[in-house]
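You will see chain A twice below: alongside chain B first, and alongside chain C after that.
Here is the complex of A and B:
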């Protein structure tokens, strides 16, 4: 088996567990929806909501990502499953790609639902779909890769739930910034802005995605063994 | 017979305490070796170190020729450990857990079906792990090891929690192991039953500074766990 086939086995297992336990459906998705709704009530002005919508969207995604990462590693704490993963002889890079892939897939579903929420609640008309999609994919890969890397680092610790946000949020702050700017430009939320102005931000996000995914692929195996 | 396990002066520290201090051990292919000794002697530590789940801090050790310090992943490819936990996921069924164990170890999905048949798990194959009783979980732990088609089976108190039928199934698996090309290291406190299954007994002695190994025949009379002096550790 090559590393991608092994990754598919790990991702399939994680997604099957999520489909069975429905934590994403019953906790993470409603959490994101509630955050969007709370902001809508708190700001209560369509004009302000439209302007801050991209930032709120990505803050929601990041907060939900923290839950998804925590969940992804809490299932490995059950019944010594983490030891089982190590005993299987799977390549550490494959485990990383599989777990990050599963988290990324869950986040993409979440983003789709939140996106619909933003359109409905904040009155934003979708535009430049290609830029939005590429931005979402690049940012999601970055967040999932970083979350998976810090997730395994904190997995064996009692303070896992509080440590992961502390480690993860500063590292993904540039992703939040870049994705928000790209969305603002793609959705023409600033006067005289063009969708084409978003491409440099998409490029920066893609670079982050490659760096974070590469770092995770290289470091995860050692962290899985030693942490 | 070629050596499956070779340890020389192996030391394993847990929280800086030497849980194993200078263990020498050779196990040949096809052997069934009983590890005995009092609680805290280091039996579980030894099995987990051989499985690559605990580091070897000094000394040398090989499993199937793979160095335990530099190639733990290589060593794991041919072994399975049945420990105190099942290594399974609560939300997956017995069949799904076994299928994942087989596929992750590079074995075909049919290996999981064979494990279900061998351990008599067919009636509960679609039950999730969370709903299994303690005894059923012990059987599943054995099946997970089996689904990996290991050449070295590390069994840590495998009889604990099993009913009489489960114990008979386990005994038949251990008895058949040499003919199936498997080597077994079995740690147990149920000495009478375990000695009947084993060809050789290795007594692990506990000591304040760590443990050591004294070898003796399994079928004959086995002396009480040796002192550190008799184990040559003083």
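Here is the complex of A and C:
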């Protein structure tokens, strides 16, 4: 079995747990929706909302990602599941890719739903779908990879819930910059901007995704063994 | 237990005190006011050295963390150096931000600008605050050491990424003045000297602080070990008579 097949087993396990427990569907998704609504209440002007929609969307995704990461490692907490994972003989890199993959898949679903929310609530007209999709995928890979890495770093610590946000949010700040700018350009939210200007940002996000995913693949095994 | 000898540390302390006193004289009296910034420029003699010191400290943290992770050079010394250096770095990052803000108000007309270097420094501040929070969590020495070393390396990799990503926004920060080829064209000789002197003074101060902070951390670590030993010894002492009493017929 190669690393990717092993990763698929881990991702399948996590996604199956989510499908059965429905925590993502019934708690994390609605949480994202509430945050989206709160932003609208706080800013209360459709013109401003339209302009800042990409930033709000990605902040919302990051907040929900914190919950997804926390959830992904709390399911390993019970019944000695983490020991099971360690003793399973699966490669550390595969466990990393699997867990990050599952978080990424959940986030992509979340982004789709939030995206619809932004279109409906903030009055955004979707445009340049290809750029939007690629941006979302690259940014999600970065967030999921870093989230998984910090998740295992803090796994088993009593202060996990409060520590992960402090560690994770500054690290993914560049993803927020890049994804927000790419969305703004793709959606023509600024005068004199072209959707094609978004491509360098998409490239930059892809580079981040590769860096974060490689760092995670390298470091995860050690952290899983030690924690 | 010590990074440097007792005498060397004391000498460094004295040297940094003298160097800072000279910096105060150079910065406040000897150097002329700037054409555009007038006396505001004097803040830069602290701002630039503290920024330099912050980056130096985080660089040392990253190197020490890498040395800790590398199995051949793994030693608790590197873990403690990394922690000590990061603490100094966070303090001077905060100082850099405050001084820069005080300087920006009269010169740029704003307390804060969304410029690449400012945003990078602010994000860096939070990155290493998180690192320090992680360090405070107790745990087995090796587990904690590895965990913190990996976090430090991620933070270090992230700083240029943040800088690069924000740099694509339009930047209004001044071009670097010191490492510029046409330095003499921009900057008065004594001003340049004061700036360089500030960097030297702060570097000496850094080595001194690092040495002191390292010793403190090492003593703390040792005390923890002694506490554990003492607790074990106490436990054995308390349990022994009971065992003996039980053993007697």
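Quick note on the criterion: the second predicted complex is superposed on the first by the 227 of 227 C-alpha atoms of A that agree within 3 Å, B and C clash if a C-alpha of one lies under 4 Å from a C-alpha of the other, contacts with A are read in each partner's own complex, and residues count from 1 in each chain.
Just so it is clear, a residue touches a chain if its C-beta (ideal position, glycine included) is under 8 Å from a C-beta of that chain, and two chains touch if they have at least 3 such contacts.
Computed from a prediction, not measured in an experiment: that's the story for all the values here.
K.L.:
When the two structures are laid over each other on chain A, do chain B and chain C clash or fit?
P.N.:
With chain A aligned, chain B clears chain C, so fit.
K.L.:
May I ask you to decide whether A:75 touches chain B, chain C, both, or neither, giving the answer as first, second, both or neither?
P.N.:
Only chain B; A:75 stays clear of chain C.
K.L.:
Is A:153 in contact with chain B, with chain C, with both, or with neither (first, second, both, neither)?
P.N.:
It touches chain C, and chain B stays clear.
K.L.:
Using the touch definition from the top, say if A:196 reaches chain B (first), chain C (second), both or neither.
P.N.:
In the superposition, A:196 touches no partner, neither chain B nor chain C.
K.L.:
Which partner does A:26 contact after superposing on A: first (chain B), second (chain C), both, neither?
P.N.:
neither
K.L.:
Between chain B (first) and chain C (second), which does A:86 come into contact with in this model arrangement: first, second, both, or neither?
P.N.:
first
K.L.:
Is A:222 contacted by the first partner chain B, the second partner chain C, both or neither?
P.N.:
Touch partner of A:222: chain C, not chain B.
K.L.:
Just to confirm the geometry: in the superposition, how small does the C-alpha gap between chain B and chain C get, in angstrom?
P.N.:
Scanning every C-alpha pair, the shortest chain B to chain C distance is 6 Å.
K.L.:
I'd like to check the shared interface: which positions of chain A are touched by both chain B and chain C across the two complexes?
P.N.:
Common interface on chain A, chain B vs chain C: nothing in common.
K.L.:
Could you list, by residue number, the parts of chain B that touch chain A in their complex?
P.N.:
Per the stated touch rule, the residues are 51-53, 72-73, 76-77, 79-81, 83-92, 96, 100-101, 103-106, 128-129, 137, 144, 148.
K.L.:
Sort out for me which residues of chain A touch chain B in the complex.
P.N.:
Per the stated touch rule, the residues are 1, 6, 9-10, 13, 16-17, 20-21, 75, 78-81, 83-91, 225.
K.L.:
Can you list the chain C residues touching chain A in their complex?
P.N.:
Listed in rising order, the residues are 123, 126-127, 129-131, 133-134, 137, 139, 142-143, 146-147, 150-151, 154-155, 157-158, 161-162, 164-166, 168-169.
K.L.:
With touch defined as at the start, can you tell me which chain A residues reach chain C in the complex?
P.N.:
Interface residues on the chain A side: 146, 149-150, 153-154, 157, 159, 163, 166-167, 169-171, 173-174, 177-178, 181, 200-201, 204, 208, 211, 215, 219, 222-223, 226-227.
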